[in-house]
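Got a structure here, written out as structure tokens. Questions coming.
Per-chain residue numbering starts at 1, and chain names A, B, C and D are given in the order in which the chains are listed.
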């Protein structure tokens, strides 16, 4: 039986503001990355999102960010490595306590937005995050791009990683993502689903038509786009039609 | 051997701003209440304060607050009970992860400022906090006024409480504190130390000269006043001269 | 020719979060109350909303709030009167500069949420707000409930007020609004439009069936409800069918 | 009579936190740059600082920043040019209204921290700031480094600029400041005063011993260092001993 994980960001509402169609989207994924209050989410949104994840039996991940509610965590912020470690611990701990109150635990950690992007290419940032994750739990999984600095730093500390690929983003021939600001960088539903299937199979067609080999364990869907639920539903159906079972990656030990 | 706990608020700096003489004050206490980022403190301040507590072998407490950095958590904010429970979990979890990274644990929880005041007299708020604390850990101690709603709610849920008294605040004959805005409500160093000794002995002279019996287990010092360190030092010396040993309350089980 | 003003709250998005159908709603009103960054709105949202108001030639009002983004300004926060005055000045000045950059000016000021509610019934708060408004401009209009503390305080300082009524909220026989938490306090579209027409005519049927006389100059629509645009469109059509022209209240002097 | 302006940052307290010895420092300067709530300062602090400036008859400047209270505005934040313009307007307008309530006006604008640094070297940021300043007032002065991008952009829009130099920072031979992280970049009191005198005279000795010519109109003191008041006092006395009169730059037209 072929297994694949599909993850999506959730819990990105805040106070009076609602974002994302979490209740619909969650039916089509096996892992969720829950915002921890720094780019989105608050204690109540986090609690509701944990409850939703528990109900749908999907794996719960923490989705820590730079402290930038106004910029939704998408702006890089200069920060010492020691500060990044504590920033990650703060957010992961907050979600852990809220999850624990519902009998749930944190299965994986995936940095959000600009923190994710920096962690993929900057060694110091990657190590700072990995140190925070390890201090929290040696058993939690780290979601990251294959061959990224975060993958390297996490594995060097003995952490398990989970290589992820993006269903709806165009790839460069070198395996990086085409910049969001370049037209065509975001795929339409049909192309995204096709790319998702190819990725589950370890391949992706890059921007220049070449085919890359990418060994990945989880497919990332974006939760806040216009077609988020449609893409998610179509992807799940296509994967199942190809014989895949959606399942979150196995966590070997507890936090 | 007579034991008594002395606790003080710490870690109330934030970003560029410094508050309190934590490094001096910590020499004279056995428990510290660490701000969790909602009224003061940030991930780095929290980490430094945990390190300080570990170094001085004092018990670490979480000091959760309403979300009001500008008002330093001293303004009441209307909030549903279910939200208060999550608010407490968020903050306690954040500190827990930061403490855990240094091999430390949370021994007690004490609400801060307006949240403390409301929790002493409002049953619904007290129960909401107690539920959050219990969901985090059945073994953690709850610091609160004797006979307060928070004491009652915590004990009803099977939590251990620790009755506290204020060294530098004048008492009303009914055991409540004289309002901060009334002249004479804050005691000078000498009077505070004398009151601290009396309280350790289970007694306090109220505003009208009458003597109250108050069975308490921890004496609270305020960390941010002008005379904070002086009062703390004098209190510790006086207590030791009377044969007391400063010691944090015993926690029977772990988080 | 009969004139009536219809006002609605706008610019309540923030960063990544969108709220309200401003672009639709603005076609049916003559005045807008723009959030100033404390309960909603940011510098960019404010700028866009000013541009929208300028394009549709509707009067621009400042909508200052308690500093509570998470609670959307709906929670009361204890604050000294002197602080409230500065709080109002800060927000009004911020909007003024953004409006001025587009050649626009502020025609009226209306407190938001909890600050509005307190200002209607609390003399000290009302006076603090009126002082801030007068310091900003003697010519700006103050939107408030008829006979409220804010009306009294504003007029005592020589400010012009503009009595407002709520189209979609049920009234108590004494002229106050039925509490939001009581079923039936929010009217459906049809009833709201009927009440709007009656109010334009100086009358409203209260909860107990009695008819109140209310001399009002502006009708308030809520911008963020499900039926906001539908109510607004139906109200404008009904008012025009009855011979009313929508027009913002005349401001006699400039800021 | 030789005139020179001395400016310092002020109003950098926030809520419960106090920063800087404004009451002492203000005796030795002729212009103050007041924080506008984004890196420090709040409506009350701003109001108190305006009152202090009015009492001491020093010129009031707005000191706008990136929105980063935690990082004290010292972290660069990616932002579109159009957003920067509104960000500046928001903060300047807020201070303007608070100043106006005390009969005062804004004489100059000086970006803070990272926003200052970026504006000196990045054309797009400089133009965005200059556009915001011009939309606020054509008569206000722009404080900036001589020959910086902000000076060029401001003058291109017809704004008056005021070239500033730093009393307590070591200069590179090319006229830029030695990086804060390099030892010796911050001067001691005696050296700072000597450099201040030389700068008033249009000269500065750079790191390599070479002498630069710098035509400057205002000397900047840092308000939050340990020796801030001592440096300020010594500088004023030395300048006066050399026949200088401290005076804020002349503003030709009003906001």
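Keep in mind that, in the parts below, a contact is a pair of C-beta atoms (placed from the backbone, for glycine too) under 8 Å apart; a residue touches a chain by one contact, two chains touch by 3 or more.
Small disclaimer: the values here were computed from a predicted structure and weren't measured.
With angles rounded to a multiple of 5, the C-alpha fit of subunit B against subunit C returns 180 degrees of rotation.
Subunit B and subunit C have Cα centroids separated by 43 Å.
Distance between subunit C and subunit D, defined via averaged C-alpha coordinates, is recorded as 38 Å.
Residue positions of subunit C with contacts to 2 or more other chains are 70-71.
Taken as a contact graph, the chains are fully connected, with every chain touching every other chain.
By the touch criterion stated above, subunit B contacts subunit A in their complex at residues 37, 43-44, 46-47, 82-83, 85-87, 89-98, 100-101, 132, 135-136. Note for the complex: subunit B touches subunit C at residues 67-68, 70-71, 75-79.
Only residues 12-19, 40, 42, 69-72 of subunit B touch subunit D when the two sit together in their complex.
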